[in-house]
Amino acid sequence: MYSFKNDYSEGVHPNILKALVETNLIQQPGYGEDEYTLNAIDILKSKIKREDIDIHLLVGGTQTNLIAISAFLRPYEAVISAATGHIFVNETGAIEATGHKVIPVEVNDGKLRVENVKNVVDSHSGVHMVKPKLVYISNPTEIGTIYKKSEIEELSRYCKENDLLFYMDGARLASALTSEENDLTLADYGQLLDSFYIGATKHGALFGEALVLCNDSLKKEFGFNIKQKGGLLAKGRALGIQFYELFKNDLYLEIGKHENKMAKILNDGIKDAEFDLFIDSSSNQVFPIFSNEIIEELEKSYSFYRWTKIDENNSAIRLVTSWATLETEVLKFIETLKNLKK
Amino acid sequence: MYSFKNDYSEGVHPNILKALVETNLIQQPGYGEDEYTLNAIDILKSKIKREDIDIHLLVGGTQTNLIAISAFLRPYEAVISAATGHIFVNETGAIEATGHKVIPVEVNDGKLRVENVKNVVDSHSGVHMVKPKLVYISNPTEIGTIYKKSEIEELSRYCKENDLLFYMDGARLASALTSEENDLTLADYGQLLDSFYIGATKHGALFGEALVLCNDSLKKEFGFNIKQKGGLLAKGRALGIQFYELFKNDLYLEIGKHENKMAKILNDGIKDAEFDLFIDSSSNQVFPIFSNEIIEELEKSYSFYRWTKIDENNSAIRLVTSWATLETEVLKFIETLKNLKK
Amino acid sequence: MYSFKNDYSEGVHPNILKALVETNLIQQPGYGEDEYTLNAIDILKSKIKREDIDIHLLVGGTQTNLIAISAFLRPYEAVISAATGHIFVNETGAIEATGHKVIPVEVNDGKLRVENVKNVVDSHSGVHMVKPKLVYISNPTEIGTIYKKSEIEELSRYCKENDLLFYMDGARLASALTSEENDLTLADYGQLLDSFYIGATKHGALFGEALVLCNDSLKKEFGFNIKQKGGLLAKGRALGIQFYELFKNDLYLEIGKHENKMAKILNDGIKDAEFDLFIDSSSNQVFPIFSNEIIEELEKSYSFYRWTKIDENNSAIRLVTSWATLETEVLKFIETLKNLKK
Amino acid sequence: MYSFKNDYSEGVHPNILKALVETNLIQQPGYGEDEYTLNAIDILKSKIKREDIDIHLLVGGTQTNLIAISAFLRPYEAVISAATGHIFVNETGAIEATGHKVIPVEVNDGKLRVENVKNVVDSHSGVHMVKPKLVYISNPTEIGTIYKKSEIEELSRYCKENDLLFYMDGARLASALTSEENDLTLADYGQLLDSFYIGATKHGALFGEALVLCNDSLKKEFGFNIKQKGGLLAKGRALGIQFYELFKNDLYLEIGKHENKMAKILNDGIKDAEFDLFIDSSSNQVFPIFSNEIIEELEKSYSFYRWTKIDENNSAIRLVTSWATLETEVLKFIETLKNLKK
């Protein structure tokens, strides 16, 4: 049984493991004041090409989203998100649990455009409705699509003009940054967004997300929010070491490239075998459509999610590749699939 | 510079590190459904000697407290805690942030007694006041004292008779379980408490707390609370491996013993050098009282917290020992102290 | 200038005012323990034909919804509502502010059906999503439509079978109860719903909503929630007197009939003048479609809401009738309209 | 049976009732945009002698406190209150329910001093503790004592210097303003406080509290908070009319004077009969100490609260006077007491 279920099926990238071993007995201050964390933040700032930003290393994605968004908003302010957005669908109402409405917008490809945001803003006025204040996007989106730089620029401009905060969930950012379709850099994000996070859990870390605060108004006393929401790791060194290793030699991008390459082999092999795709993703998630019979056969040797039912006889599944995905297993999957087709 | 600042200055116990290395490439399901977590839970149940309990592995102490308490209580229900309680003082209002009042009780030694709880219960009635519903204790307490079995039994009885939930914060439970004064076992806790957590962050893990739900009424759909509050680790294996290693051969207790032994050497050495103690702790925290001059001298070679001011010229400091504390360093500290005394 | 803007433009029904005057100097206990409140609750129970229900008199609709729903749900449980639902659109995120997601469902006529609810339930599973737990409907709906008894029965059956709570916002319940299309009684609601409120603010009271708890599991310690959320009126007598007057001789239904009759004259007059309706409401709200020119002319003499834009040249407006709406004014409006048509 | 239980046992002052009757049929906009509310706010501003303040009319005291405080604070900020403070004891954790800790300070006479506030501020630092941000006082206090102008000035100065907000609960402000000991005016409060409310429920209104926002930074978008927390009254006219009547000819102060005068007769009569007082209040609350036998006798003819047990044989009770308290009844009470003494 080989798993394409997600990008967190294996442990941690060996480079990180090695660093954890080597530093293990060195005493360090707790709560993110250790030297590894300080170094990691320095490197991240240099990659984002801004010294005047704040960076906080956190454990998980839902945690990061809820800490950031609840810290940014006043009680009556709300979030605009695609209806497919992770915070709207898959975080058990974590944002609402902090008191804030998430306003969903139906979109086809998981991407928000200015027009979607404008519709929400224009239809809200007066004290009887929430005040839309933060635009939430994910890149890659939850269905594997990638934003173009021009799209992010347009959203950024609209947000600035309309006093909205622009926030990006980068749970799989390595995959976006190294996608064939990508034309954005970390430095671009640092300029165009008010805040975003760089996800590592799904790109080779044992856990870890780096929350970046670009907008000055969001920085003040931020640490209180982390502690209050249970996000302050005592042995913060574990986060520092991981981000240091991931970014000191661009291991993060290498991992993204590997994931995307493995996904592309899957994608191309599936097309080659004349199957349809639910969406043509250019990140590390692949969404083929198979008949129920084929899915059942595949489930004997592979684990993956059934994504959505297409019709009575067919469903889309989701295959995800990770830093550890083996090319031999990817090729074997394609081979298996071609045999099932016959 | 050697640190006695806390019990999370070093990394992780070597046994755990070894297990992380050995299991690293084995694919596992995410979110705590991996085999290491299942095994860890089995072992924990056998140590607690109850199969009918639920156990959830979480990352940190504040996170565990806030997830548990907010899940257990209805909106108007409140917590009774010693005024020194970690949730009252040192968690940035995490419990209140989930909507619940923490009612503080002044006590001398960090320990709640039935009489304290009864006073709170008796002074609350009617809908204009919160309804006290959960009794929170820490063992060891925040000032290093240890509960006796009879004290826990009395609190347990009072809580049952008065429809109160009885919850214990076991951030440093290994130290309590192996203290000279201890007469309680994990199995006792499983019988006497409605819920408690077994802390590992401060006893050799990189992070991790095992939340135990003994009372049936607290178990239902608990996982939703974990995810909603940002506490569900994608690579749950990292928790499972750690608890498995800590409990399969009682490493957890060995670590507690080591910590307590190092603390006792400090404690005895300090008394031997004729210094006073702020409180005579029998756990892995030591609270000597020194003159400001001596403290300043010590700070040149050691890091530790200044705990509380005694008078203009003297303060209590806190020294904490960990799984990794070296006996040579402990002896050197006593030596240094004796030299300063002269 | 005459107002059809809402049903709270005037003060209070004269019968109530008379009772307020007559009882003014009689001393009574506070917080809803006065004899007027007790009598009002008795009468309400007799109208609902159940003695085993709890009734709490509250001040406003948003307050009632948020107190009830936040008291009924555990933290991760969510509400299913039509996308037009008052709690989703017009209460400034009051429900989310208590921590609960409201899941919107797009419907044409403001009414939820079993199929809508089932879709939501079927698409939610596992701890990564909220757990849908309460079905919220308004009757009349926010766009003036009325539920049939068979529809309520079907929803009630589905909710019972699927462990969902069924709650109704009755802000304009007098209008629904006396609508031409109505086939439901207060006693039916008492059998089919877990909880609902009987709105008086929009039917002749100065303020006041009677929250009815039918399901035993919702009753316990409910008063704590009222006080905690700021809903406990010191001079609860003001609520008791109003509900007593509204229900002792079915004044509530008389007011509903008057409102509906005035609305019907508007509705029929508008049709007679050959204008279209946005929706054919059978309650006290009327939604005609007029050209922008006609709307501007009407605005010189009448106040009302512009409801929604139909196209570049036409919009729907909303006309609302109240207990105090004068038939002469209604007829004058139709007259004015017919003159504008020419 | 005559009630001295509280100051909300009777209905509304006749002047207000008259105004409610006279304005009843006049159509007005909803939600506080009516002319009575606008006029009331104008008068209040002139009494406070500041045009640059915002005033919102709300229904009840707990509601006002929770709306104001939750709007003013960021999530990790906390309130400093006397341990006797209404928000700490008697509002069912309403402030905590909005996410904020209330830090209690033990004081003897219900009054906070700079020293108390400074102790709290000095003992809080770093992200592991909440950040004290708002100082809450009540005037009169919950035990009937009155602040001097110099005390308020000192607190105000300390708050300004330490970036704290200074907020006053004025539930019984008329009684404070007209107390023999008072040397403060509404205009003083407008200068010295960041926000306060002028309570009317306990001074002749059917309900109503006027929240005053003096500090510019607190004003922005405040209305959203009112609506979200369920505090926006549809027929806002009911609040406007009451405050207009209470303030247009200083009826509010007249009521305060009457209440205090009645209380003084009680107070002096009790002393004259040689009973002790629990606290020598100069507001409309009187706290005599009686033997249990006398209390039981009094309870046959009067209703009042037993305030606190003094010893096995004696308790303090609370007697409260209202706008409607009759001097004949007050004299009869003293007479009864003197007879019991014999």
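So that you can tell them apart, the chains are marked A, B, C and D in the order they are listed, and the count of residues begins at 1 in each.
Rule of thumb we're sticking to: a contact is a pair of C-beta atoms (placed from the backbone, for glycine too) under 8 Å apart; a residue touches a chain by one contact, two chains touch by 3 or more.
Here the structure is a predicted model, which is why all the values come from computation and not from measurement.
K.L.:
On Cα atoms, by how many degrees is chain C rotated relative to chain D, nearest 5?
P.N.:
When the C-alpha atoms are superposed, chain C turns by 180 degrees onto chain D.
K.L.:
Quick one: compare the interface residues of chain B with those of chain C and tell me same or different, with half as the dividing line.
P.N.:
Same; most numbers are used by both chain B and chain C.
K.L.:
When the centre of a chain is set as the mean of its C-alpha atoms, what distance in Å lies between chain C and chain D?
P.N.:
One centre to the other, that is 34 Å.
K.L.:
Determine the centre-to-centre distance between chain A and chain D, using the mean Cα coordinates as centres, and give it in whole Å.
P.N.:
Taking the average C-alpha coordinate of chain A and of chain D, the gap between them is 51 Å.
K.L.:
Please tell me the distance, in whole Å, between the geometric centres of chain B and chain D computed from their C-alpha atoms.
P.N.:
Here the centre of chain D sits 42 Å away from the centre of chain B.
K.L.:
Would you pick out the residues of chain C that each touch at least 2 other chains?
P.N.:
75-76, 91-93, 97-99, 127-128, 130, 224, 227-228, 232
K.L.:
Within the complex, which stretch of chain A touches chain C?
P.N.:
Residue list for chain A touching chain C: 75-76, 78, 89-93, 96-102, 104, 127-130.
K.L.:
Which residues of chain A touch chain D once you look at their complex with the stated criterion?
P.N.:
Interface residues on the chain A side: 70-71, 74-76, 98-99, 127-128, 130-131, 221, 223-228, 232.
K.L.:
Where on chain D is chain C touching in the complex?
P.N.:
2-3, 5-6, 8-12, 14, 17, 20-21, 23-30, 59-67, 91-94, 97, 201-202, 206-207, 224, 227-235, 237-238, 303, 324
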